[in-house]
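Structures incoming, each one as structure tokens.
In what comes next, subunit A is part of two complexes: it sits with subunit B in the first one and with subunit C in the second one.
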Partner chain A sequence: MAIMKADKLGISVATAPSMMTGAVPKNEWWDVPAEFTPGKYCYPAKPEIHEYHQKSLPKELGGQPRAWDPESDDWKLPENWKEIILQGLKERLDKFRSLKIFMDCCVRCGACADKCHFFLGTGDPKNMPVLRAELLRAVYRNDFTLGGKILGKMAGGREMSFEVLKEWFMYFYQCTECRRCSVFCPYGIDTAEITMMGRELLHLVGVNTNWILEPAANSNRTGNHMGLQPHTFKDNIIYLCDDIEEITGIRIEPTFNRKGAEVLFITPSADVFAEPGIYTAMGYLLLFHHIGLDYTFSTYASEGGNFGLFTNNEMMKKLNAKMYAEAKRLEVKWILGGECGHMWRVLHQYMDTMNGPADFLQVPTSPITGTVFENAASTKMVHISEFTADLIKHGKLKLDPKRNDHRVATYHDSCNPARAMGLLDEPRYVLQNVCNNFHEMPENTIRESTFCCGSGTGLNTDEIMELRMRAGLPRANAVKYVREKHEVNMLSCVCAIDRATLTSLMNYWNPDVEVCGVSELVGNALVMEGEKERETGLRFEPLAGMEG
Partner chain B sequence: MRILSPFIAVLALIAVALVAAQVPGGQALMGIILPYLAFALFLGGVVYRVVQWAKSPVPFRIPTTCGQANSLPWIKQNKIDCPSTKLGVIARMILEVALFRSLFRNTKAEMYEGPKLVYGSSKFLWLFALLFHYSFLVIVLRHMRLFMDPVPGFVAALEFGDGFLQIGSPVFYQTDALFLGAIAFLFLRRIFLANIRYISLPADYFPLLLIFGIALTGILMRTVFRVDVVAIKQLTHGLATFSPAIAGQIGSIFFIHIFLVCTLLIYFPYSKLMHMAGVFMSPTRNMINNSRMVRHINPWNDPNIKPHSYAAYEDEFREFMKESGIPVEKE
Partner chain C sequence: MLVAELLIDRKGEILDSWVDQVLATYPADGARIFKKEKDRFANPVGVAVKSSLWSVYALLFEKNEPEKIVESLEHMVQIRAVQTFNPSEAVSMAYILKRVIKDFCRKDKVDDHDGWLAFEEKADILAYTMFDLYSACRERLYQTRIAEIKSGNSITTDRGCPSKLMDTNAARKAEIKAL
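== the complex of A and B ==
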């Protein structure tokens, strides 16, 4: 969908009336209806995708697989949809203490209000995390609290209605579950929990989006979001090896589904499929070859990402379960994970609980340095940045950071590794060892205060491009700052969704800044044994001072 | 409407107390029966709510990590904002509960042409929230002198410290002024900051106005409408020793004060004021970030959810896999 040019949108963001520019809507928030016009919503799931999930999931997705139009007044909901939603809410209140506490404890102090990238970029009051949560909370108060049952509206209650449902669909899909608000909330209220519950409830009545359910269906059947079948997945990696050979003169022969390998390596499939992720994947391949790692890819578990996280608990568990199943089948010792944001939220905070114990694996130990990764003693899965940082610290990598001299890099902390893992300094340590020019963005925009790319949680679809560019503005703005101050031209990150979405974001707001995974810069800097003289980087771009 | 209705509600409560204080038996009702009832409802209500929360499990380990995690030994961990031990969590919780650590992080974002976003420091909410809560605490503790005999040393010390400026007679407590100032700030920001006004509900104004009413009647009782302190102390002490009696002319202002206090106690467990207990139970703050180190158990984890099996996968793609040289289980 064609959208406004950046300069125009920039003026609109800064001057058009919105809560960010000081305008206040005339009507109370509960009297402002959600209006679905093109560009404001993600397309609903195709009926055949919806149907596929209903057959493959033990707890089916709700609603009738159907073609429906968010712009119409008939969403073809089940007849008893309100009952389903309220019953679903009750079940979830009984299953999640977080939900109960977050429903009850908010004092509406407003500390979260201007912490959300969606609010900063749209100025829409319902994108203040507090109001996003109030959309659910008002219904909770109405039906589940004494005050609400007696006083109704006076106690802030709101009856479940089609209008409310529309607002849920709009605003629970304008949240990327990035958790930035939860850093600032005095009670740690995490809007990600609210949005996750909201989306689960919407699924119960068949209100969903294709951009999430189709990759999830692909991942279930073929092993990865892209729907790459085993031979194609392999071929893609072989192509990358061809490119590596052309650039370095080294032939790498990775293995697939090989039993008895020491390590199973899993990364988001976007890394083997799409630019600029493929350069990150080339970085992995070079690194593993450099240290002689005994590892294998799997075509069955060929997806690190997990769009179940954006759907419901059951689907998250089902998709994630492949990793341990495959590690067991291949009899590996431990699992190494590539660069991905939400993938690591699932691996760090959910996997062991859902699909463990992984007692058939061993506590991860680096075969090169002997380091035992105690912090992954139970899950048995290590992040590539932890693994690489350890190699560098022990002097096991031969690096020539000059090969990245044509890059002036900054680092984008991806939401989940930052706020759901605490992985902050490992990638920075790696970066500082593989490139000579590195500058941090301003402190309110990095580490635990990092801003989302604006398109996480399955919102990285083209039909909402303007929304994405607005939501990504805080990140783009911080990049612009270091671009002007330090001439930064490379935005590095450890997330596959970031690599795709930040590329669109940079093209839009800062066209001369490129995006890469940290491992790409590692790959560029690695001095391989027996390599030919390198004239280009992994993108076939000329290297500074080595232009032949 | 959102401000007016709670305002009217507080005025109505005052009117009820004023009238009840003149009606025969009304003073006993408000001075003796209601305090017991309110206190019981408060305690029972808070316990009930906490038990209700605790009944729901914490299925996943979901701390919000606000610093470097426990990782490789040579990487410096932020042991408080990203705790990997119980001790770290305790430190994190103390900072959160006693010093409002998260609120201290507050910033204010402003949009300029460009577009350009700027994040400024914004500590006023933190400061006044802290003042409000600590003043409230000091005032509650000071009131212990009415219920205990002899007066505990720390209460006497608190009283002395609080009045050390020696303004007026009887001495005006500094916390009273801080308390009123903090309430005024919290109230006025809800009115003057457009986005805060937009999110505020009657349930946000009502407790502020109610507490303001309590503070004001308390101060007036000391400074303007002189009440019979001896009679009040006899009543409150009687309440604490389960032998309450109303003697002498206590004065209506006291009954308004105690009526509002009782209202607050009864209202407390069913309102947002439960954040006092909730902050201790918030899973994003009170959990150790060790989910890769120690397996966290989810009591309702469903063992029947299995992955799409490898066998089914191989059955679908076996020919392609063989052609491509990918090993298969069944030839």
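== the complex of A and C ==
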């Protein structure tokens, strides 16, 4: 709902196309302007954050730092902004063959039209992936194809204008790069990459959002989104160890920046700081202690997430590089990655050509089972769910799934691990071994067809809460179904943004469903050597039948 | 014919028209898909609107159980409350229904004043209930936003690292001192 003043509301009820007047909006999509009202856009980046990035990245990537207001008609763009955009598009068409192909090969078959969670939650045609891409494609056609240059609008071309720029800012930030639409595209067009390019071009003229640039700045400065300095990062993990000791009687002493450890463990910083991620982190700590893993945390590579993915490829490369720089500095053999979402997209699809190959590391081999993770032979980074599933498969974990009997779990395939790296069965295998009550959501809402949380790609900010709630509707709707059918009360996932945003999504749509990482349920079920009788789970919640 | 009879005899057509008009509040290209797709997971908005209106209609005009309509309405109102409608648009299903029934009365030449008043009373129950539900949903939305801010997840942008906070505090103190 747009916030309107009372006098305007009265006029709107009497005259605007609404149910009260019986009129229906009839404009064609290209005639409907993007209107920025509170709740429909993310706040622009603070100038000082913008300036900070310019210290270490080429200035032209970010445009001019300034305060600007999306609701105003003056975005304080550089005078030659159109030229910058078109030149930027040209460079990217030359540099990225995929972009050129995606611009040319769409036949507008419509297979993607009703697959986007933003479209399903809003009914807005510009949220159909085909039309969202058309916002860029029409400009491409107009300026970079012969037909478009000659015939213009008749050939589907559209001149770059401020109105088009506004639409880009509106709709490339109503795409979470989840790639569900790509699964249904007969040509395999990766719409996420179109959004990525759209956002890169917007950044060139200084059109950006604070929620993305500030975590990226923090990540660059302190190593993590939260801006946690080394001592704080360490302290937070020690607090979690204190809680673990209270719950299990076991004292865990993790190490930090320890050279020569076998494994470097990297997870999203939200796991060591914010609920409910911290319970997932407690699960990791218990697991590593249980198997006696020789690992260390880095207080600089203290973030899995990479908000560069939502900004430009140079920033993505820079933030990804620090993980490998740390692995090299600490002389570890390989990297184990926590329950992060888009980190795995960056890892599996861009790492090798950006910063790889990581040939100073070894092909990951589980020191406990001897399994060689051939799938990670190039990136040298293994997902915690693969690692845990392998341990369970080899009978290396002592588990008591009854400790999760107070949970009736379902599993949300986090978009990037599911669609960008094919992690579909491992988390399910883990869940089926650590809890007795597990129910799948309907088939067309899971695995490759999973619905996004609605808040990925740096859209997890509270100023667009309504937008996030409607984008998350398809996911919440499937959870509602299993809640009613199987009394599901726990939505598990393997992504830190999911853990934060699905919590809000559930608060609104299904308030009695909680959210957790898969590793939290592992931590609950692990029977630790020398532990005291457990009366509560990792959230200090009473366990069913063990109330003492 | 009486209004009560019309509501039963022409139920299917009335509901089709009602559902169509409610879905027509979405952009035409979106509404087309919302009307067509039957799978509730592939089309959460369209299916919720349709099932909600059918269920409410049965409770009000067939079973005469207006006290039970909340459950049938809740999910649809939850959806409408976070879409870009003005509040009046979001919850005006009762008024749309009145318009639909007026059209049918006109077409079928139904002249039943008492029957209309009885119908209108039920439609008003629907209007009031939706208003209450809408307000509750908006309240829940705000609570969700507050809970998220309090959870610490917002710290990524709204605060800096401790040293940055010290700078800000020092600047603030200097400002106060200057006053």
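Rule of thumb we're sticking to: the second predicted complex is superposed on the first by the 520 of 548 C-alpha atoms of A that agree within 3 Å, B and C clash if a C-alpha of one lies under 4 Å from a C-alpha of the other, contacts with A are read in each partner's own complex, and residues count from 1 in each chain.
By definition in this document, a contact is a pair of C-beta atoms (placed from the backbone, for glycine too) under 8 Å apart; a residue touches a chain by one contact, two chains touch by 3 or more.
What you see is a predicted model, and the numbers here were worked out from it, not measured in a lab.
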Open item on the list: Based on the shared subunit A superposition, would you classify subunit B and subunit C as clashing or fitting together?
Closed with: clash
Open item on the list: Let me test your reading of the model: by the given contact rule, A:Asp235 touches which partner, first (subunit B), second (subunit C), both or neither?
Closed with: first
- [ ] Identify which of subunit B and subunit C touches the larger number of residues of subunit A.
- [x] B
- [ ] Considering only touches as defined above, state whether A:Lys149 meets subunit B (first), subunit C (second), both or neither.
- [x] neither
Task: Partner chain(s) touched by A:Tyr508 [first = subunit B, second = subunit C, both, neither] - done: second
Open item on the list: With both complexes superposed on chain A, which partner does A:Asn460 reach: first (subunit B), second (subunit C), both or neither?
Closed with: second
TODO: May I ask you to decide whether A:Lys398 touches subunit B, subunit C, both, or neither, giving the answer as first, second, both or neither?
DONE: neither
Open item on the list: A:Met128 in the overlay: touching subunit B, subunit C, both, or neither? Say first, second, both or neither.
Closed with: both
TODO: Give one of first, second, both or neither to describe whether A:Ala389 is in contact with subunit B, with subunit C, with both, or with none.
DONE: first
TODO: Have a look at where A:Lys322 lands relative to subunit B and subunit C in the superposition and call it first, second, both or neither.
DONE: first
TODO: Please work out whether A:Leu120 is in contact with subunit B alone, subunit C alone, both, or neither, and reply first, second, both or neither.
DONE: both
Open item on the list: Just to be sure I follow: which residues of subunit A are touched by subunit B in one complex and then by subunit C in the other one?
Closed with: 13, 19-20, 22, 24-25, 29, 113-114, 120, 123, 125, 128, 221-222, 229, 442, 444-445, 473-474, 477
Open item on the list: Please output the residues of subunit A touching subunit C within their complex, sorted ascending.
Closed with: 1-2, 4, 9, 12-13, 16, 18-20, 22, 24-26, 29, 32, 40, 113-114, 119-125, 128, 210-211, 214-215, 218, 221-222, 225-229, 232, 270, 273-275, 442, 444-445, 460-462, 465-466, 469-470, 473-474, 477-478, 480-481, 500, 503-504, 507-509, 511
- [ ] Would you tell me which residues of subunit B are touching subunit A in their complex?
- [x] 5, 49, 52-62, 64-72, 74-76, 78, 81-82, 84, 96, 100, 102-103, 105-109, 111-117, 119, 125, 129, 193-204, 270-272, 274-275, 278-279, 281-285, 289-298, 300-302, 304-310, 313-314, 316-317, 320-321, 323-327
- [ ] Please name which positions on subunit C make contact with subunit A in the complex.
- [x] 21-22, 24-31, 33-34, 37, 39-45, 48, 75, 78-79, 81-90, 92, 95-96, 99, 138, 140-141, 143-145, 147-149, 151-157, 159-164
Task: Contact footprint of subunit B on subunit A as seen in their complex - done: 10-11, 13-15, 19-22, 24-25, 29, 56, 58-59, 93-102, 104-111, 113-115, 120, 123, 125, 128, 130-131, 134, 145-147, 154-156, 179, 182-190, 193, 220-223, 229-231, 234-235, 256-259, 299-300, 314, 317-319, 321-322, 325-326, 329, 347-350, 352-354, 356-357, 371, 374-379, 381, 386, 389-390, 393, 418-426, 429, 442, 444-445, 447-449, 473-474, 477
